[in-house]
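Read through the structure below, which is laid out as structure tokens, and then see the notes.
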Amino acid sequence: MKKIKRAILYVVLIFYAVISLYPLLWMFLYSFKDNNEIFVTNPFGLPKVWRFENYVNAFTQFDVLTYFKNSMIVAAATIFLVELSALLFCYVIARVKNRLTGFLHFLVSSGMFIPIQAVMIPLVITVRKFGFTNSLLSVIVPYTALGLPFACMLFYGFYLGIPVELEESAFMDGANLGKIYFKIILPQMKSPIVVLVIYQFMSCWNEFNLALIMLTKNHLKTLPLGLVNFWTAYQAQWGEVGAAMIMASIPILVIYLFFSNQITESMAISGMKN
Amino acid sequence: MKKRLLAVMMAGVMALGTALPVLAEEGTEPKDPFGYDYVSQDVDADLTVYRYYADSDKDNLDYAIRKMTEKYPNLSFTMEHRTDSDGVALRTWAAVGELPDIFEINASDVYQTLKEEGSLYVVDEEVEKTGFYDLFSNGAAAKEARISDDGHQYGFGCEVSNLGFLWYNKETFEELGISEPTNYEEFKETITVLKEAGKVPVALFAAEKWPATSLYSLACIAEGEPTGLDAVNDGNAAITDEVFRKGAEKFVEIGNLGAFGKGALSTNYQQAYEMMYSGEAGYFLSGAWFFLTLEADGMGDKIDYCNYNVFADEAVKEDVRWNALGGYQTEAKYSVNVEPPCGLDPSTVAYLGLEMEYWTRVSAGVNGNMTTVIGDFDFQGGEGYADYYENYGNYQTFSNFTGDLSNGDFVVAADNACEMVVSGNYTDAQELIDDIAAGGF
Amino acid sequence: MNSALLKKNRKWLILFAAPAVIIFGIIIIIPLFQTFYYSTFEWNGIKLGEFLGTGNYRKLFSSREINTSLINSIVYAVFLVIYQVGLGTFFAFLLTQSKIRGAVFFRNVYFVPVLLSVSVVSQLWIWIYNGDYGLINQLTKLLQIDWSQNWLNQKWTSLLAVAFVESWKGMGYIMLIIYAGVRNIPEVYHEAASIDGASAVQKFFHITVPLAAPTIRITVVMCLTNGFRAFDTTYLMTGGGPGIYTYNLTIMMYQAMMGRNDYGYGSAIAAFIVVICVGLMYVINTLTKRYDKIYD
């Protein structure tokens, strides 16, 4: 009886794995097809003709390196800023329980619900006032702000899970908050930090609406913008667009694969601690 | 309204007087009509230009840029490709004062606001001095369209207007034993034949909102409203008027015949014409820019367009033939920033803009495509394209592709209602009319 | 933290909190207030028009689309919660069981859809759903079942189909968050329960779920609010259509701004969305306050 139960579980797991992986496989396959195969004759299967020239064309026509570099800079800077500001801020919110912190917590969490199109125009004006236009800062700072609510929500929960006794005993020994935080508390937060890196990286990497408005000079554009240029031509070759998208997705996949092992490790460590 | 009527009449008059370009043995590039009369050779700046910069437009613009940078060695261009069709980017730049030097305005409300705010440079003088519109065979009509209510021109441009048609695959039709329909009865017949052969009769790329609505507009044109849905948009007619109800009946009728595939609402532009290319679909609705795609794909001789309005009854088909879907010359086209960020004074930028525009149109001709620049060009197009070129001068009235209509509320209401027809949710014309009428039109 | 410690470390606390508060305030709070402000005007996105007071809001609540949009948004949000939190918790729990081989592999794989661009995912599912040659209908034909639907063209199937795609795409991420929360539960609890003879299912409902509750609460709030803010997937797959069948609040807002050029109206819708989401979050947090002090 137990064996049948286990078998069913495995079937479910494998089935879901297949439908999770198929889109990536599909995108990979269509990046080798031409419009005709993609749209009419063979949308789902293996390419009848493997058109490697799609990749060549995509690479030459589509300024991959510049866009890639910009996306990377934006992602890295945003991740750093979000992690730093959110970690510190949430610590205060989680440990100090008064009306002010409660209000701030509420305020920042509400930030999650702002549909970006709503604040876009006032935001552009604000960014301009600060002189960020025509630099990557015009997206980095907004992305940071946009990433804060989720980061806070994540960290808040984890901070609550750290017993207060840890700091209290350290305070008894006369240490100040700065030292206590960085030496004792921070190491406990490895898993949410890593989780946030992945999430924030993804948000930045795929973000389009804000980047479109802020980054108007071609040398500043991020990958999604570059892709849209490629995509919106009336004579777009979807295969080439697919090739460009595969090239644009590689970093995310690599980062995820790299960090996912970290997650497992840090999970295991925190599991053992208890 | 009066002004538009005038424009339309002038278009007709000028078009009739169009001299077809002589088919020369080889394309000869026209001489530079501007010289250094307006801008000195050592002009030093980097011009930012925002317009549709892809497909053949890119080729034409690159040609123009080459010509300009050869002529003005210290001039450089930064091109920004227009990726949206509703003016999103333009709107936001306008709101924060970040407009480029020269930009294409593709949303009429943005144009109005910018004009009223004084952000658009008045180009009357530059146009006069260069005689820009005299360089084109349809120049007078285009110029007329650009003149605003206050008598000034806030933008410039003179392009071959894109008219809307249904293209069809000649081979597919031959195999099925049908031919190009010239009236509604024949059209319905072809749809039935195509449907029975398991094909999608009309490949509508209804992932975008305007094809379905424009097709409906085409039906209304056939029923006797020369500008189709423009009349309702402009407030000169109500959707409950007889002509629109009759148009709706035909539109819904072909829907009920199964003209639109089940996936019409999620079919995109490339997919739709690929379906027609490969014989999966019979018809494809698009605008005359599609001829350029056909040329680029080498399909110019396999695909033809329906010369007659497919919704027209036999009795009136000749009358309505020259009432075009599309081709409406908007007042807004390419405008000059009244405070150009490149640092030059707007007058210079205007002269440069006019010259650049001229060369892009020349490039079209040099590449063997249709152009209205007066000169010797070697037109190289397939049968359908050549046909269109010949007939281009005969069109009397023009309308908008419904995506370009100015009344946003009306467009949304019409788009939603037409989607319901294409998706098979509305099977009666009255449902379509009621839906749009409920929005107050 | 007691008040003595608080006073002593005041400077540190302020320093810690400051960056986030400043950035957030300038980038989000101020523009948000501006949006609320603009929602009381007639605004074309470039120049402010006349003052309308509640005019835009009245227009919103008497519009043709508001009822459908609200219902759709609610259905969509609930669907997201059921699918993502439900399956997320199920898989998170399953994959922490040491008896399951290849748990790491499955966890990684389930996350892949999250990494893909939404445009690719939407396009693929459009084809899977296609009424004529889509994968689903092809499969049902193969299995001789007469059940092929015109998925994206009909009233409820279109909404659920799109909701399914968004749920499917994001499930991996919710699963990951819950997984992190479940892993944080000290092993001792489970061991003690096993010794007492509890089955896997009992352990799940009596230990895992309650102790992972703060995390699960976060994910529920996320899913609900994502449901009300849903835009990309719907826009790409159906554009709100056919007609208004898959309309939701955000699509209405986008259309108001881009289609009707009525930015004041769009801002009012945006304000409405914010109020709903904030309200939801507040309500849920208050109702589940008891889970906050779980470790104290």
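Which chain is which? They are A, B and C, in the order written, and residues in each are numbered from 1.
The rule is simple: contacts are C-beta pairs under 8 Å (C-beta built on N, C-alpha and C of every residue); 3 or more make two chains touch, one makes a residue touch a chain.
Note that the structure is a prediction, hence the values are computed from the model and not measured.
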item	value
Of A-B and B-C, pair with higher C-beta contact tally	B-C
From chain A, the most remote chain by mean C-alpha position	B
Whole-Å gap separating chain A and chain C, where each centre is the average of the chain's CA atoms	16
Intercentroid distance (Cα basis), chain B paired with chain A, Å	40
Multi-chain contact sites of chain B, meaning residues that touch two or more partners	88, 92, 95
Chain A, residues touching no fewer than two other chains	121
Where chain C touches two or more other chains, by residue	45, 133
List of chain B residues in touch with chain A within their complex	54-55, 78, 80-81, 83-84, 88-89, 92-93, 95-96, 98, 269-271, 274-275, 277-278, 280, 289, 293, 296-297
Residues of chain B touching chain C in the complex	86-88, 91-92, 94-95, 107, 109-110, 113-114, 117, 200, 207, 209, 261-263, 265-266, 408-409, 411-412, 416-417, 419-420, 422-425, 435, 438-439
Residues on chain C engaged by chain A in the complex (per definition of touch)	1, 5-6, 8-9, 12-13, 15-17, 19-21, 23-24, 26-32, 34-35, 38, 45, 91, 94, 99-100, 104-118, 120-121, 124, 127, 133, 135, 168, 172-173, 176-177, 179-181, 183-184, 186-188, 214-215, 218, 221-222, 225, 228-229, 231, 250, 253-254, 257, 263, 266-267, 270-271, 273-274, 276-278, 281-282, 292-296
For the chain A and chain C complex, residues of the former touching the latter	6, 9, 13, 16-17, 19-21, 23-24, 26-27, 43-44, 81, 84-86, 88-89, 91-93, 95-97, 104, 106-115, 117-119, 121-123, 126, 130, 141-142, 144-146, 148, 150, 152-154, 157-158, 160-161, 163-164, 167, 171, 176-178, 181, 191-192, 195, 199, 202, 206, 224, 242, 245, 248-249, 252-253, 256-257, 260, 263-264, 267, 270-271, 274
Chain C - residues contacting chain B, complex	44-47, 64, 126, 129-134, 150, 152-155, 237-244, 255, 258-262
